[in-house]
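Note that the chains take the letters A, B, C, D, E and F in the order they are written out, and that residue 1 is the start of every chain.
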Amino acid sequence: MLELAHAAWPDVAAHLRERPGVAILPFGALEQHGPHLPLSTDTLQADAVARRLAERLDAVLLPAVAFGNTWSNEALPGTVSLGADTVAAVCGDLAASLERGGFAALVVVNGDFGNRLPLQTAAEASAVRGGIPVLVLDYPGLTEIGDRVKETPWAAPGLCHADEIETSMVLAIAPALVHRDRMVADYPELPADFGLRQMALAPLSATGVFGDPRPATPEKGERIIAHVVDESERIVRRVLSALGLS
Amino acid sequence: MLELAHAAWPDVAAHLRERPGVAILPFGALEQHGPHLPLSTDTLQADAVARRLAERLDAVLLPAVAFGNTWSNEALPGTVSLGADTVAAVCGDLAASLERGGFAALVVVNGDFGNRLPLQTAAEASAVRGGIPVLVLDYPGLTEIGDRVKETPWAAPGLCHADEIETSMVLAIAPALVHRDRMVADYPELPADFGLRQMALAPLSATGVFGDPRPATPEKGERIIAHVVDESERIVRRVLSALGLS
Amino acid sequence: MLELAHAAWPDVAAHLRERPGVAILPFGALEQHGPHLPLSTDTLQADAVARRLAERLDAVLLPAVAFGNTWSNEALPGTVSLGADTVAAVCGDLAASLERGGFAALVVVNGDFGNRLPLQTAAEASAVRGGIPVLVLDYPGLTEIGDRVKETPWAAPGLCHADEIETSMVLAIAPALVHRDRMVADYPELPADFGLRQMALAPLSATGVFGDPRPATPEKGERIIAHVVDESERIVRRVLSALGLS
Amino acid sequence: MLELAHAAWPDVAAHLRERPGVAILPFGALEQHGPHLPLSTDTLQADAVARRLAERLDAVLLPAVAFGNTWSNEALPGTVSLGADTVAAVCGDLAASLERGGFAALVVVNGDFGNRLPLQTAAEASAVRGGIPVLVLDYPGLTEIGDRVKETPWAAPGLCHADEIETSMVLAIAPALVHRDRMVADYPELPADFGLRQMALAPLSATGVFGDPRPATPEKGERIIAHVVDESERIVRRVLSALGLS
Amino acid sequence: MLELAHAAWPDVAAHLRERPGVAILPFGALEQHGPHLPLSTDTLQADAVARRLAERLDAVLLPAVAFGNTWSNEALPGTVSLGADTVAAVCGDLAASLERGGFAALVVVNGDFGNRLPLQTAAEASAVRGGIPVLVLDYPGLTEIGDRVKETPWAAPGLCHADEIETSMVLAIAPALVHRDRMVADYPELPADFGLRQMALAPLSATGVFGDPRPATPEKGERIIAHVVDESERIVRRVLSALGLS
Amino acid sequence: MLELAHAAWPDVAAHLRERPGVAILPFGALEQHGPHLPLSTDTLQADAVARRLAERLDAVLLPAVAFGNTWSNEALPGTVSLGADTVAAVCGDLAASLERGGFAALVVVNGDFGNRLPLQTAAEASAVRGGIPVLVLDYPGLTEIGDRVKETPWAAPGLCHADEIETSMVLAIAPALVHRDRMVADYPELPADFGLRQMALAPLSATGVFGDPRPATPEKGERIIAHVVDESERIVRRVLSALGLS
């Protein structure tokens, strides 16, 4: 694995001489995650998954993008958002630059719900113009492993925000950033059309929590991350194999 | 100082209740810096300066943007660039989001030459639309302290790339990332119109070095950073005072 | 139900005086659907679903958009595509115009896979700017009813193109446009990374068929459409109720 | 003639093997046309003209675009408008896609005044980039035949909206959509600068009518359409001949 | 009349205190006009007309825009063109700035065929957003007076390029810039579809002339200009009166 | 020197046959310059410098762009501004058109502070896409010669607006446009952060003057212009030589 932020250019040249040139980009966000989790939660998680994935694949790890499309959480302080167009532009520019630099594929490990549309839009645009393949991963297997690991109910199907899952993951990655004393359970009454249309998230919960973070443990977090990395690896290997890059 | 990446939303709320809301954004790049310095050199430096500045001002530190407008160094591997428009969009979006979130000013600590135009463009656009003031700092005082600290000549007036200055700064910030054994001096013959028009940088130097990094020391780096932080603080305080924010 | 294409302006005025103003837009495509189905297959289907939905809800039916984002099928003749940005612009413009015209919500019945990203992008943009809610439906319940109705296997999970399902639907809507004599089964060997990343569809199948259309019947088509309309109605009613529009 | 909406891809392949590939696109609008005419009046008319033209030329008929740039009629309910930029994008995208698909020319039969500028803009853009020729027709000969057929005066020179001409045309195309009992004459007093600068139309007439639709007959409509088709055919043949496409 | 280029700001303030604030903008081009006329022909003509118009109306004359959308003449040297989008942006920006500065209307005297679409597009955009009225004049009455004054035939109906008309106009405005010794007649055989679709002009004529400039005289030019100014004045007065600005 | 506005196309062809094709573009503005100087001050100055430069280099002089990015002076009447994006588009379009027309380089003589960012942005964009070199000159040597010539103090370091320098320059170029009787000295108290961030200029001075224009003379103006032209020539020759164009 080559961590690009720490490498010098001859290291990259050497890596690319012997490997197909697969870059892995953690795309995070700066977004409220309740009173107990850091605003960088999405970035920490995406970076952790991307880092392990890069190790497994002996790929190139890009530094994380620390901001995402988080308009839906702007109602709570500290959320600082890019527009969806800008997220797509960042991803598209990096893919094109990597391509010019001799890379063969870009894998994006996305850590934020709001980035899904713009990242897929950038991936499609690269495909349309015949650019390098851009593969966007949204924590494959998360719901599955969440169902196995969680002791508390989901606030809504597929909704995972500042809850037992996310808290466990941050406890596994950066425990010093978790305020255990501030953990509260919050199961806000969601509008009947939640999940059916685009709506802001933060106004729905006074705490910014959607679930019960209290039973979170680093062990659970480790299990979750390991499973997501396993699933991510499986998918990326399948894609790279199909592309003749492995 | 509040490090936003590590804070939770109630910390931000508390900070903003008692302070004017000054956000500091390190804007870096992923760019070749010779065989001995990491590709994240600009990000490391901008982050270090921004962090100290935030401490001095008891301001809010944003996570660094790790990519910049580095087309001029794409000729050497590992340089991964955003377009100039995208750099402007990132800065403009963050300024607007901070404004919606109750912040009163954004200070950008820019670590990359190619970001200057787009960051100033974003700052002007914020001024034109009556948004919060965006102040872009390009290492004020760097040439001055460089002249005092350097033992080796500049490759060109104002040109500071993988040389004694930058190497000293990284030695002070992240010494483990510096390959001392790879240091070479390179004073490429520059075209007669160097600095007079926009041109790519990397093709001019086979090593990516512009100067002599060998006499670099962490002590020199510390002196340089300290001076840049002093000058930055002086400028920001003057601006905040004029804006009634201090 | 008010079919806008056939109505005159006083009819609309009367409708809006007594109802909340819900507009339903079928968004189709002009895209190859094998040798036996018309290029307007997606538009016919979206229009049929939208029409019944409008009847159930006593809502306003917009005329169908007959083109979509179908770059992935351009390899076969007759596919005529809009760019993704243009699809988003069409949807966004119509939502904004409907809003200025006194409508309270826009429901998009999407008939083409390639429209999903840009339509959701437009829906999000409307939410971000505080515009009327835009609800994008992608044939809810289709896989479920497909599993119940189909006698032939899927070419791939979730892949529904010129197969038994789509052929049945067109047989139910516009049987005269189906070339029964041209029906062929085609289960192309899909690349191992099919469905994992953005890729063109048409190059994968020489016929443009993905499955076996031969056992298709209008009765199956009717069952499929009815189920999708039921599910669509259920979802829209839930949203309208949550919005206080029913 | 090949109606693309009804054709399957092998039909298009066969057509293009033996003919030069001329596509005809009716570009309509959803726009108020008085109390007696349907909102789709412009689309119906453009489609009728385009269809006959395609028959005469044995060309390919595209499905109609049912929305146009109708901001100037938004004051009356049911008018749903695209922006001018979006109209240009739709036309430009279709031209480029047709070009990639092997077509040699695009003829646009425009049914709405507001589409003129953006369609011509798209046509010019195609010419500038060396794309296929895009020929925009705005009902050639309409004023001429109107002068011959009309029994009632024009509301203003060149102004043809929900009057005897348009009503006759819809009576010839889709008589069931005309509310004969709602026909009223309306000769609003137009501002002195009418026709001299861009201005909204709908606010000038309480009924949305500009003229007297009452003497309209399907026979008149047929004569009008026939003449416009004749003139259109003459022009297109001249262009195709000059392009070596006939 | 106030010539803005020569005025100082208090002169403008005084003018606006007592008059409605009508600005007149000559929009020209830098475009080949045969071997005998200067590349600035369109700008000279637009400026001459705009200047007299401003005098008649006691309005404010803006400095001329000396470049236009002249892609169709790029085949001959010295033609330097803006894109159509840029022409629209220039006009739109000036209208918006004039509006912020207290002006009530903008009259554009357009001197170049290629500017028509983008200027009208900008005028419409101003109308759509409720901005100040933008009136675009394309030499009203030119064909009429041309028919009366010309001794030589038109190269094509409505085609007026480096011919007797344009040469007469420049002889009246800036005789020193006309090369009498280089005048040649050129009636190129035009393609059968000339004027029916967007096409480049310059490739059609080896000389860049379309007609016979030889009988041109300054007296004819004066008559032409005077008539165009008369017609322009009549139109503008009608518009200003309708707007309540006179 | 070839003045493009006055040349006909064969003159350009002849010029380009024997010379490398260097175009010089004066980029001005329409901006308040105190009660005594014309709004076209920046354009007059840029044109004068560009003209002499073109003579020295036997280059091609383009007509001046008479509008610039002057939002910062909109508070005083008569300032009419383009947006920064539009200034960049004008410059970028002209560079690309010149390139298509066989020119080898574009030199922009910029007369307005607000144009700096967008012109450099356009120059960089041309470099990134591999277009012809675009060299932007901002009156090189102005401060130097100002220090030598001025008898009155600067209103702020580097601030030169309607003061002794600018007034002297206009006295040398177009003395009839200077209102000697309106000259006033104005040394407004500038905010403490003046020059440190983007801010509007005009609101800072009631007169629009920043300095003391009264000791201005045409002789001083001539010295200033001559020095700026000398410095400009020196720089352009260096660039052209490096590019192999001299």
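As a working rule, a residue touches a chain if its C-beta (ideal position, glycine included) is under 8 Å from a C-beta of that chain, and two chains touch if they have at least 3 such contacts.
Computed from a predicted structure; not experimentally measured.
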item: Least step count from chain A to chain D, where 1 means the two chains touch; value: 2
item: Those chains which touch chain E and also touch chain D; value: none
item: Greatest separation from chain B - chain, by CA centre; value: D
item: Same-interface partner of D-E, chosen from the options A-B, B-F or E-F, over half of the pairs matching; value: B-F
item: Of all other chains, the one whose Cα centre sits farthest from chain E; value: A
item: Numbering shared by both copies at the chain F-chain B contact, with half separating same from different; value: same
item: Between chain C and chain E, centroid-to-centroid distance (C-alpha), Å; value: 49
item: Distance from chain C to chain A - Cα centre to Cα centre, in angstrom; value: 30
item: Computed distance of Cα centres, chain D from chain C, in Å; value: 26
item: Centre distance in Å when chain C and chain F are each reduced to the mean of their C-alpha atoms; value: 56
item: Per-residue multi-chain contacts in chain F, two or more chains; value: none
item: Ring topology as an ordered chain list, initiated at chain A and continued via chain B; value: A, B, F, E, D, C
item: Residues on chain B engaged by chain F in the complex (per definition of touch); value: 71, 84, 117-118, 120-121, 123-128, 133-136, 191-193, 196-200, 235, 238-239, 241-243
item: Sites on chain F touched by chain E in the complex; value: 4-13, 16, 23, 30, 32-40, 43, 62-67, 74, 76-83, 85-86, 89-90, 93-94, 97-98, 100-102, 177, 179, 182, 208
